[in-house]
Every structure is written in structure tokens, then in C-alpha cells.
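First, the structure itself, so that you have it in front of you.
Chains: A, B, C, D, E, F, G and H, in written order; residue numbering restarts at 1 for each.
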Amino acid sequence: MLIKTVMSGIGGQGILFSGLCMAWAAMYEGHFVTYLPSYGAEMRGGVTSCTIAISDEEIASPIPSAPDYLVLMDNLSLARLQSQCASGGEVFINTSIVSDRPIRGDIELVEIPVTDLAESSIGVRYANMIMLGAFIGRTHLVKASTIIGNMDKILGKEKARFKDKNIEAINIGLEYTSKET
Amino acid sequence: MLIKTVMSGIGGQGILFSGLCMAWAAMYEGHFVTYLPSYGAEMRGGVTSCTIAISDEEIASPIPSAPDYLVLMDNLSLARLQSQCASGGEVFINTSIVSDRPIRGDIELVEIPVTDLAESSIGVRYANMIMLGAFIGRTHLVKASTIIGNMDKILGKEKARFKDKNIEAINIGLEYTSKET
Amino acid sequence: MKKVFTKPKCLKDIPFHYCPGCGHSIIHRLVAEVIDELKISDCVIGIPPAGCAVLAYNYFDIDMCEAPHGRGCAVATGFKRAQPDKIIFTYQGDGDMAAIGTAETLHAANRGERITAVFVNNAVYGMTGGQMAPTTMIEQKTTTSPFGRRSEVEGYPLLITDLIATLKGPAYVARHSLATPAKILATKKSIKKAFEVQIKGLGFSLVEVLSPCPTNWKLSAVDAYKFLESKMEKEFPIGVLKDVTKRK
Amino acid sequence: MKKVFTKPKCLKDIPFHYCPGCGHSIIHRLVAEVIDELKISDCVIGIPPAGCAVLAYNYFDIDMCEAPHGRGCAVATGFKRAQPDKIIFTYQGDGDMAAIGTAETLHAANRGERITAVFVNNAVYGMTGGQMAPTTMIEQKTTTSPFGRRSEVEGYPLLITDLIATLKGPAYVARHSLATPAKILATKKSIKKAFEVQIKGLGFSLVEVLSPCPTNWKLSAVDAYKFLESKMEKEFPIGVLKDVTKRK
Amino acid sequence: MALRGRITINDNLCKSCELCISVCPEEAIRISDGINYKGYHPAEFIKDMCRGCALCSIVCPEIAIEVYRER
Amino acid sequence: MALRGRITINDNLCKSCELCISVCPEEAIRISDGINYKGYHPAEFIKDMCRGCALCSIVCPEIAIEVYRER
Amino acid sequence: MKDKVLMKGTDALAEAAIQAGCRCYFGYPITPQNELPEYMARRMAEVGGVFLQGESEIASINMVLGAAASGVRAMTSSSSPGISLKQEGISFLAAMELPALIVNIMRGGPGLGKIAPNQGDYYQATRGGGHGDYRTPVFAPASIQELYDITMYAFDVADIYRTPVMILGDGMMGQIVEPTICRKRQKIDLPPKDYILDGARKRPSRIIRSLILDTLEMEEHNWKLKRKYDLMRGKLPQHEEFMMADAKLIIVAYGTAARIAKGAVKRARREGLAVGLLRPITLWPFPTQAIQEIAKKVKHFLVFEMSTGQMIDDVLLALGGKAECEFYGRPGGVVPTPMEITRIVGRYWVQKEILG
Amino acid sequence: MKDKVLMKGTDALAEAAIQAGCRCYFGYPITPQNELPEYMARRMAEVGGVFLQGESEIASINMVLGAAASGVRAMTSSSSPGISLKQEGISFLAAMELPALIVNIMRGGPGLGKIAPNQGDYYQATRGGGHGDYRTPVFAPASIQELYDITMYAFDVADIYRTPVMILGDGMMGQIVEPTICRKRQKIDLPPKDYILDGARKRPSRIIRSLILDTLEMEEHNWKLKRKYDLMRGKLPQHEEFMMADAKLIIVAYGTAARIAKGAVKRARREGLAVGLLRPITLWPFPTQAIQEIAKKVKHFLVFEMSTGQMIDDVLLALGGKAECEFYGRPGGVVPTPMEITRIVGRYWVQKEILG
């Protein structure tokens, strides 16, 4: 089975890192995995996204065609990506920031106010990791413990100091979904 | 019939121009003709030469392979070119300057002291044209009158002032061969 | 009330794609205002660079022709020689003009090509993600000088404008900065002068503009403008370096 | 009697292919003498140009590596960065160094690459048959400036050495001439200095040598040397333009 | 008395760089709470203390500001 | 009295450029009538007025001249 | 498993180069390969190597020339327009027989084009975009692990044959992140570098040059290069075969296109179509023999490229008329889906009435 | 007869360009084509055109770009290494669909090589030595008259198809002097140049660019170029046939090599061997159809090139296995004699037991 997830947000929201964590975990759990950061124009700013493909066999195409999951941190991401989602797919939305809603009827909506959650706990910067926690808490694409257990490696030496906060954020997200669902 | 002539001398002796005159004449007389200046290294100085191929059909190769005639104005030219001459070919030598002689026995030698002739008449600069006169006087590859009659065109506007001297020089050469042979 | 400031006519009604606070859009506006004021929008041809301003042709409502990275001055030479009555300008970043395009720039200047170069110096390669530029300052960190530029390894910032000013071909050479509104207005005056010098056929003209790249400097826009004044203007002193109209 | 002048050791016993009176062979000899005197023939690497001196490697008995036309300073940079303990020099004509190689030359100089450039300025493209060079003088006729160089069309001669001297990276920059025996000796001293500056690791060094091309100037050798003094030295003033060892 | 003026800020063009704010001598501009379609909090004109000096429009990279002045 | 000297000129290297002649303070060099293999009339050393100043060798592009000096 | 790390293509390539002993990197920024020099800027400092951003692509390739002539493993990288600028330098490297690695992370072309993945530089890479009669080995990996391994191998090939080599990745190969094992270098026997210039100490002086004025010497040099290329043609070709045993139709594709084709093969198989994939790993020398072998049994080929068709020439040359061959291309930065390719396969299947 | 003049290749080309209305020449010296810019330096002054020696080949090709975008007929010329440097610029011209003439008087390669005649740049010229999916029409004349005529025609082709075109001459074509009639330009209907930039007076402003960020637009641009190339493939191919009617063996050769081959054909005929010559005049588009027609009757082909073999690919592609094809090459500046080629033909004849 090949499962594709696209995560998207405004540059600086850290969503690329969330995607990367999931990719590392998938690798550690023995899956085939590809991670592809979006390939914008050469200019800066605006929306950045990444595609994580997880599969039990070699992955043909790492591109974001018909993703099964969308994780959207802002309005522009929603506008751009909603049409691409596979029919029957799930769309995770950061309701703290995303005011619009998908117009498609054939996809499932998961609403999580991650920025609010972050603001009221460990700080807005970690909204992306709360989203990650919430996302895997619901989809079980990878185990949270795999991410948490390998956070050292994922972060590398330079960013080691963010380890605890990241883990905390994931847990907040996990908790949120376990409550909600 | 394809006839190839190679004319060679030290840069500045004007031998390239002699060759060119012959090529023009051949053209005016309705032959196929190619003229190829030598293709030295990128540095200046030293020997320059040209190959004139005259034929009654399209000329395949303009290169100096097995020329029927060699016209040599200096020692170095002789050293370089004598081995290339076709067997049975004729070698014209400016004996005023060329002290060596061909070592091959299968070629005919024509000795003309053109520099001396020039010095004692219209000036050393015209040795090349005297050689041309002598050469066509003997080989009849083209008619002297064709060259003389078209000297204007061959010289072009810029060099028109050399017309008379050039014609005089050709005549000196012609005369020399008519006397000799 | 009277409208005292609005968009120049020769800019199209298209929002800029530049990052927040980027100097490119300001310089676009200045150039556009100059074109409007000189009434040359129907005989001007612009050559945008490969660089963040590669899409400049989307904004200007004038004829524009892309050039390969660094070759703006050569392309402009081709235009000007073919159409001496047209006004030709290039718009180039520091990488474009002072690295890959060094030879084309210097030689066009030296030939005194009657073209105008608007040279946007933001001390980094913006478009490609903040690599070291020839104008990157000592100790400035970029993605390809992660330890800061070291004079012993990468050399000192190259002041190509100063080199150009020493040549005989250029007629007008100046360096300006966007650090304050007053300096922005001075920049515009200078760009206008550069175009006028071309119109008069006096020779090559160039205006270097010190311009912020908040994104790659990793500063807020406001701080980036402060950095312009506090750091860049120290390394790249502003002023008119050459003006043949003054000598007569 | 004592032999007081003979061929330098690091030149091979091969006659030069240069035209009668050409300055290249003199400069070859000077460079060879300097290499002998500094005893560096076993750690020096030379980069000959594409130009009349392309075959320099046939004469020098040292390691030498051809470079594409104009790229001598880039090739030299590769050598020096890979082998910082070796002495690297380029030998370049004016076309090579100041036209196609402008960017490579200026940037190597600006980086302060610890290399030495011997820059032979003969005001024409020798090897290709006497075309206009960046250093061709106003009114000088060449095969591609048949009416004489015109400042309005081809611009003024480019004094790249002067440009280089304004940069921070170079440690020693000088211009000399072969016009007289005394000037030839001064040239040699300067070349030696340039190598010494490299050996000490002080930065980029360059010696421009005004050199005759009798063939393409269409002058006798003797007149060509006179032309050096009467014309070229006027346009290209000789002297040391920069010397960091003097400042300390 | 200073000339009285007024500015308009085009919400959709503004990228919230705050340059206008940094140069306004009258502190007549601030960042709004709202969010525009590009995700920025656009600047807004607050009081009519505006002199019409146009400094804000000179620095605004997005040409988002138009300036009106009395007389 | 000037130092006495002597030069040798390698016929086969000489390209007849006459630079040595132009710098020799003693007029001790001239072009010979002979012709060398390259077709040049090589320079020749004429008298023993040579000072051994080596100016000729300094200018000779072909390194055709060797200079000897007394003491 | 535990020694696997997630690596971006550009980083994997750079790390593999470092592991292979590359100690000189010279390059000029261009998207989509900027992460490669950026990685090198940090990493060379750690291993005591040289990272220098050249003032241009031309300066960079010529710095590589100097470093390669010094005997150091050296490389440069760029993307399409930048690679065009390096053609003179590559021709010189080939003529001088200097080993070096040139990386082209292709973008859309011609001109400035587009930074999306594209395979439009196949001709340039495999036919010698520079002047003169030369070839460079060209590797086209299709996964990050392969990119890593091939980079190390490429340096050996460069040294063994004294030749510039090229890695040709479409933009996707530069940007994608995949699990990778960063193997250490396996030392193999390499010919001594007896040509390098390091000062003529206790040996005769040497020259490295490409100008050869004597015609016969020049001709011999050309034939010598040709013999070397023929040797490589015998030894270097590599390809991957996928589900070819019983295939009635073979897709030929490389790089990203081959990954997609592989997905398409799997889909087609599910639909009962006996399709296989041949993926050239070396583009030059091309796996001509492999194709000729297969063409003895299989009569239908489909070449899929992310261009308007370039490698198709090499497939046709290999087939020599012995099988039918169709082309499908998506230029301009479009990365089609496996489903799309499956549809094309299906159509071809029906048109040609291939028997399932 | 009387309007014939003797002209050197480079001069004939330059004069033809002038007659064709070329008014902008930009170039950088390089042997063996220096007489061309030198001629232009004098001649452009007479006709009021622009001659400018660029500071490099790169500057020159980009000046051509500016002049071409101005609507003026523009050209540059160089030789092998210089042409390598122009590859980026040529790719831009192709992408922007700007007409221009690029002349390559080939010398020996790779590297600095040798200034003698050589045909080693065939791949570069015909396969797009620059990056991206593009082609340029390539003409390879074999006499000075043809060189003259083709130069004039090349400018028309450039304008009709809005494309850079190339004249590919080996060094011999540049240096040889032959009788030539300097024909005047025949005005033909050319499409209006409605793309040029000359100031947006009384019309909307225009842009010329090659960067296309939208993927589908970029793909469409690539297909549009491809359609144009296909159109040219249909219309442009030219070749000369010599003694082919009853030939049992066809030599394929172009430029100088073809002249020599023609001599060889005559010699072989005298020896009773039924040999013919097919001389491609356009190298791209290649006269594929002509070869395919002939291959219906003739089963033996011999490709002769002054290189180690490049055009052979196009002949093989055309033949598609329908006839046998051998190669004979002399790289490195060697110009063989017709006799030598006759010998090769003779050997082949015997080996393959071709029936006289």
C-alpha cells in the first residue's frame, strides 16, 4: 500500500520539519519512504509544502499526485491543494488560522486549532509539531514512539536543544486526538 | 586532368599572390580551380605556401597531395616540400636564394635566379612575379595574357598602383624561359 | 484632497512577488517613475537579470528582453548597436553584474556603450537562496560562507562600481542606498540622471543601489533597512563617483 | 674570460618559435632567470596562455599546464588551492587576460589568490593575426580596427592592471616595459619580487610587461622597441602600482 | 500648522513589512489584527494626524499606499 | 679603461632582428652577409672593442648571445 | 536499518563525494542544486578540503581542471544553463585526460527554462556538448542510495580511465529525500597518477596540454581517446531489469522517469499486461548489448522520457530495426503519474495487438 | 563567367551575409576563421552596419541576441572551442525563438586541439550542444559557391522558422579559394517580425523571455518547438546525389570529406566499381528520407568523416537496420586523398563480395 501525505504551510511555520519527522519514523519502522519538499519558483516567501510517501514496496513517484492526506496550516495552502486530494482522503486543518473550508464533499475534514493549542501551552512555534502529533494520533501512519525515540537523530547536533519541546508538542497533539476521537 | 602546383616561400616574398594570379587566370580560362593558402600553426613567420589545383572537372581535394609542380623560393621550402612532389613532377627553384638541390632523382629541376633577375631590373619585391612569368612560360598551365589582361581585377582597387610593375615582372619571367628553352 | 502619490503609469497593476520589505520593488518603482517623467515608455527597452528580478517584465509596461545570467550588458549592447535611437537599460543584481557578468559589465562600460545599468547590490544571491555574492561583506554569513566571509579565503567585497568609475567610457556612475526616504529620493534622481546621460549620448551610465534582502539577511524588514545604513553604507560609500556633465 | 651571460637553466635547449624581435622570448628568459635564482624549479607550476606563448611549455623545463583561452587565473586558482605549497604562475597575453579572461583575472586578484601573473601586453592579438585587443591604442590600426581604434566605437584601451591595483587582494602590482636593456632588467627585478610575494604568501601578484609585436605592428624589431617607449609607455605608464611590502 | 493629509493602504498588496510605520513621523500607521489573503496582517491608517508627507509611500515596497494632501 | 669583453653569437638561433646592434655602445655587432638555415642573415661580432657590458645579450630575444668578460 | 539516514539527493551526492576522497569543490549557485555547494561549504571545512564558490561556472570548471591536474579528486556541480557554460572546460578535461566529476541536476530548458525536473540534457551529456571527438561516462541514478553509491564509483571510473565523468540527475534526484546508507569508501587498485603536476622534483618536468600541432600526433591522440571510449563501452554499461523475463513490451526509461515507469509496470501487470522495464544506469556508454539481447525475444519497446525524445536515438541505434519502438514524452517539468504511463502502455498494447 | 570572382571561404560567407541584409556582426577572434570578422570590420563600415569585436565569445553571442531581438539580421562566427562557449546563448536563442546565424569553422579537438580541418563538432551542432530540448538547422556546404548561396538562404530559414541556424564548415571550407558568383539577394516573402522589441510605440508592450514558470505553459512551449522542428524535418532536408543511379555502394560524407569522397567515387568508377555518393547538405534536419529511399535498392553504405565517427549515428538511424553500413574516419586534421578513400572502398567491396 502506498500512502501519500502532503503537508503545507507558510514558510517558517515549520511544517517541513513535521513531515521530515514522519519520514524518519517511517524509515525506522522499515517502510519504504520518500520525502519531497515543494519545488517553488526560485523566489522566497509564500507557501512551502512537502510530500511524504510511505509504502511497503519501492516508491515509484515521490510527487504529490492524489495524496491520501492533506495537512494544511493556512488559507493559501488550502486553496492550492484541496483539489489535489484523493477522493475519500482526509484533510487536516489548523482551524486557528485557516478560516476557509474545503468545498469538496468527497473528503473528510479534521479540524484542529493547533496554533491556539500551542499558544496556550508551549508557544506558537510548536504548532507544527502539535499538528504532527494530532495527525499520527489519528492516522497511525507511524508510531509516535518511533519519532520520539529517534528525536536525537532527527534533530542532529545543532538543533538538539529543541528536543524536549518537540516531544512535548507531539504529545499535546496526540492527546488532543485521543480526546477528540 | 587535374594539375596541382604548390608555390612556397618565406612570408613576404609574395609567392601567395603569384599563386593567386594563376588561379584567377585558370578561372577566366574556364577551368575548375581551387586555391588553398597553407595552413600553418597559429604563429607568424616562416614558410608560407599555397596550392593551386586546376582541372577540367570539379576538384575533389584542394590539398597539396602529390603536386605536379613545385615552385620554391627558399631553402626551407625545398626541404619541406620536395618529398611531396609527384614522381615525374617538375620543381622550379629560385637559385638566387635556394642553395640546396632536391635529392630525388625522379623529378625534373628548373633553375631560375629570379631574385637576381629582379634585383637587376625592377626590384627584389617582384621576384615572385618573375617566377610566375617563368613558370607559366614553361608550363603553359594558363596564358600570361589572361593574367595580364585581368590584372586590374586581380589587384583590386587598393593595390591598383602595382599593376604595371607586376606585368613587367611577368614579362621578364616569360622572356627568361623563352630564352632558356 | 489631491492625490500626491500613486503608482507610476508604466508599471502594470500586478502585485510584486518579492519578499516583504525587499528593495527590488522600490527600485522598480523608481525606474518606472523616471521612465514616466522622461516620457520614454515608448522607446525604452529593459533587460531584466537572472536574479530575484527575473520577472521584472511582468511588472513594467514596456518592452523587455530577458538576458542569460550576467550577460545583461552584452544583450544591451546588441540592442543599442542595432537601434541607437532607443533607450536601453539593464537591471542587474550583484551576482549578475559583479560575478558571472564581470567581463560583460566592465567591457560595456569601457566601450562607453550608451546604455544605463541599474545595479542592485543586496550583498547576497537572493534568488538562489542567499549564497555569498562578490559584494558579501567580511564576516557576513551566507549559505556558502557559513562561517562568515573570510578575506584570506574569499577575498574582500568587490566594489565593481568603483572600478567602473575609473574607466574612461562611463559618463555617469553613482552609488545610492534605500536606507531612508530621503536616500530613496536621491536614488531616483540619480537614476533619472543616468537615463538623461544616455539620452544625450554621453556614454555608459550606472547607478548602484544598496538594497535590502531581509529574507537572506535573516532580518526583519525594518532591521534590514537599518543594516543598510549601519553596515552596507560603510563598506560601500554612497555618492556620485563620476559625472562628465559636471566637468564641463 | 668569465662567462657573464648565458641561457638560464630552466629553459630547454630549444629555439623559440617567436617572430624576430618578439618580446615573448625575452620575458620567457626573465621568468626563467627568476625561477633559477629563487631555486624553485622543482616546486613551480606554470600556466601558459592561449596566445603566441601557448607553446611556452616547450621551452621551460618545469611543470606546465595549458589553460583554455582566458582562464589562466582560474586554472591557477585550482592548482594553488589544491597545492598551497607550490608556486603557481600564469603567463598571459592582453587578449587572454583583459578580454575573455577579465572576470577570472579580476576575481582571482580580488580573492588575493597566492599566485603570480605575468601579463604580456603587446596591444594586439598576436597569435590570431593582429586583431584589436582591449589594450589596442586609440587610432592604432589592427585587422579588426582597420580604420584605427575609435574611442566612440570600441572604447579606450583598458588598463586592467590599474583596476587590479585598486583591489585589496593583490599584494604586488607593477607595469614594466622591454624598451631598453635597463627597463628589461627592471622588469626582471619586478617579476622576481612578484614571485617572492607569492612565496611569502602575501597575496596576488601581477607584473604587466609592455612587449613588442613587430609582426602585427608592421614595424621592424628596432622600431617596435622604439614604439614601446614613444607610444605604449605614454598610454600605459610604467611603475609599481601596489606593493604591500613597502607599506609595512 | 502642518499640511493635512490622508493615506489609503491597499490591504491585499500589503506584506506587513512595517517600513511605513518605521518612517511615519506622526505614528499614524499600525499593523491591523486582520489577515489578508496572502496571510499577512496588513498595515492600517489610524488617525487623521497625517501630514501628507508621503514618506510612507516612498518606502512602501508594494506601492500599497496612496497619499492625498490638502491643496 | 673599460673592461674588455667578448661575445659569441649562435648563428642558428639569430633571427636578424638587429636589437643587439641597436643597443651596442661600441658598434661591435653587425649583420653578416651569410644566411642561416632559417633564411636569416645572422648578426656577427666584429671587433674586439667589446666592453662586456652584456646589453646585447639582455635584449637578444633568442638568447643567441653569450658574453664573456675579463676578470 | 540503523545505519540508514534520510538524505536529500544533493546532500547524499556531496557526502558520497567527500567519502570518496573528493577534496576540491568549485561551483557557482544555480537552482535546483544549491544545497550541494551549501553542504560542501560546511563539510569541506570539517575534512580539510577546499570549497570555493567560483565567480562563474566557467571559472569553476577551470579551477577543477587545475585541481585535477594537481592529482586531487575534484568536482563541480550545476544545472542546465550552467552546464552549457562548462562545455569548453569539459572538452579540455577530456582532451587532457584529467579525471573529474561534473554533476548536472537538470532543469527545464532551453534557455532559463524552469527549475522543475526535466531530462532535456541527455544529448548534451551523452554526445559531448563541447567541441571535438570525445565522450564522458554519464550516470543516471534513480534513487538516493544509488546516487550515493554511483558518486563514489564515478570518482573511481574517472581515475581509472582518466576522464571527466558526469552524473546526470533530473531535478527530482536533487530534491528528493530517501533512506540512504552512507557507505565508506572501498579502496580499490587505481592506476598511479603519474601525470600530475606537483613540481618537477626528482623527476623530469611534465606538461599537460591539449594543443597538438603535429597532424599525425593529433590523429593518434584522437584514436587513443577512441580506443579508451571503446574500452569503456565494453566495461561500463549498467542497467536494471525489472519484470523482463516474460515481458512482451519493454519500457526503457532512466532516472525519475524510470521510477514512474516502474510504478506503471506494476500497475500494468495487475491489469494482466506483460510489461517490463529496462532502466539504463549508464547513459553513456549506453546498455546497447542488453537491449540487443532482449530484442531477440521482445518485439515491442516504449521509450519514456521527460523530454520530447532524446534517449530514443540510442534505443533505436541499439535495436537496429529489430523491434518496434514507440516514444512517449512529457517535457517542461511535468512529472506524470504511473497511472498515466500505464494508460499509454495500454493504448500501445491494443494498437499493436500484442498478445497478452 | 565574367561575374565570377575568386573568393576565400570566410570572405564569401561574410559577403553573402552582407548581401542577405545582415547588419550586425559580433565575434571574437579564433583561427581558422579570423578572415571573416576582418572582412566584416571593413565591409560593415561600407554598408553602414555594425561590426563589433566582443570581449569574448559569450559576450558576442549575447550581443547577437540583443540585435536579433531588435529585428536586425545578426550573426556571429567562431571555431570549435569558441562555439562551445556559445552553447548557453544558442540555447537561449532557440528558447526565445530568435533568428540568428552562427558559423562554426571547425578545428581539431577536443580542447585547443589543432587548427587543421576537422569534423569533430557534428554532434554538438546537430544534437544541441546547449541544454534543453532544441535543435538548430545546420548547413554543411562543400564548395565556396554553395557556402555563399547557403549563407543567404540560412538567414531566410532563420527568419521563417524564428530559429538560430548554424553553418558548419570544416577548416578547409574557411580557407579555400574558389570561383564564386556573388549573387544578389532574392527577396522572398518572410513572416512579419511581430515579436521584436523596438519600444512599445502605438502597440502593447512586449516581452521576450525563456523562463516559463507555469509547468503546463512550459510543456506547451516545448511541444511548440518540437512541432516547429518536425515542420523543418519535413521541409528543410537537402542533399546531393552523385552517381547513385546504378550504385551498389553509397558513400555518405559531408563538407570537405564529401569532396574527397566524390573524387574517390570517380576513381572507383574507373576501376569498375559501381560506387555513388550521398552528400547531406543539411546535417540537421538530416536527409533521412533520401537515405531510406536509397536503402530500398542499395544494401551497402560507407560513412566517411574527418572524425572518429559521429554522423554515422544519423545514417544508422535512417537505415534502421535495412542495409549494411561501415565507417571510415580520419580525425585530427588529416585530410586524406581521394585515392585513400578509393582503397577503402575497394577493400569493402571485396570483403562484402558486392557484385560489380
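Everything that follows uses one rule, which is that a contact is a pair of C-beta atoms (placed from the backbone, for glycine too) under 8 Å apart; a residue touches a chain by one contact, two chains touch by 3 or more.
Nothing here was measured: the structure is a model prediction, and the numbers come from that model.
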Those chains which touch chain H and also touch chain E: C
Shortest path length from chain B to chain C (each step joins two touching chains): 2
Gap in Å, rounded to a whole number, between the CA centres of chain F and chain C: 60
Centroid distance [mean C-alpha coordinates] between chain G and chain A, Å: 34
Rounded Å distance, chain B centre to chain E centre (Cα mean): 87
Distance from the mean Cα position of chain F to that of chain D, given in whole angstrom: 26
Chain E: positions in contact with at least two other chains: none
Where chain B touches two or more other chains, by residue: 41-42
For chain D, residues contacting two or more additional chains: 18-20, 50, 54, 66, 68, 99-100, 102-103, 107, 127-129, 134, 153-154
Parts of chain F lying in touch with chain B, wherever the complex brings them together: 35, 37-39
Interfacial residue positions of chain F with respect to chain D in the complex: 5-6, 12-13, 15-19, 21-23, 40, 52, 54-55, 57-59, 61-63, 65-71
Residues of chain H that touch chain D when the two form their complex: 28-31, 34, 37-38, 41-42, 45, 51-53, 55-57, 81, 111-112
For the chain C and chain G complex, residues of the former touching the latter: 50, 54, 66, 68-70, 95, 99-100, 102, 125, 127-129, 131-132, 134, 143-147, 153-154
Chain C to chain D touching residues, read off their complex: 99-103, 106-107, 110-112, 134, 151-156, 158, 162-163, 166-169
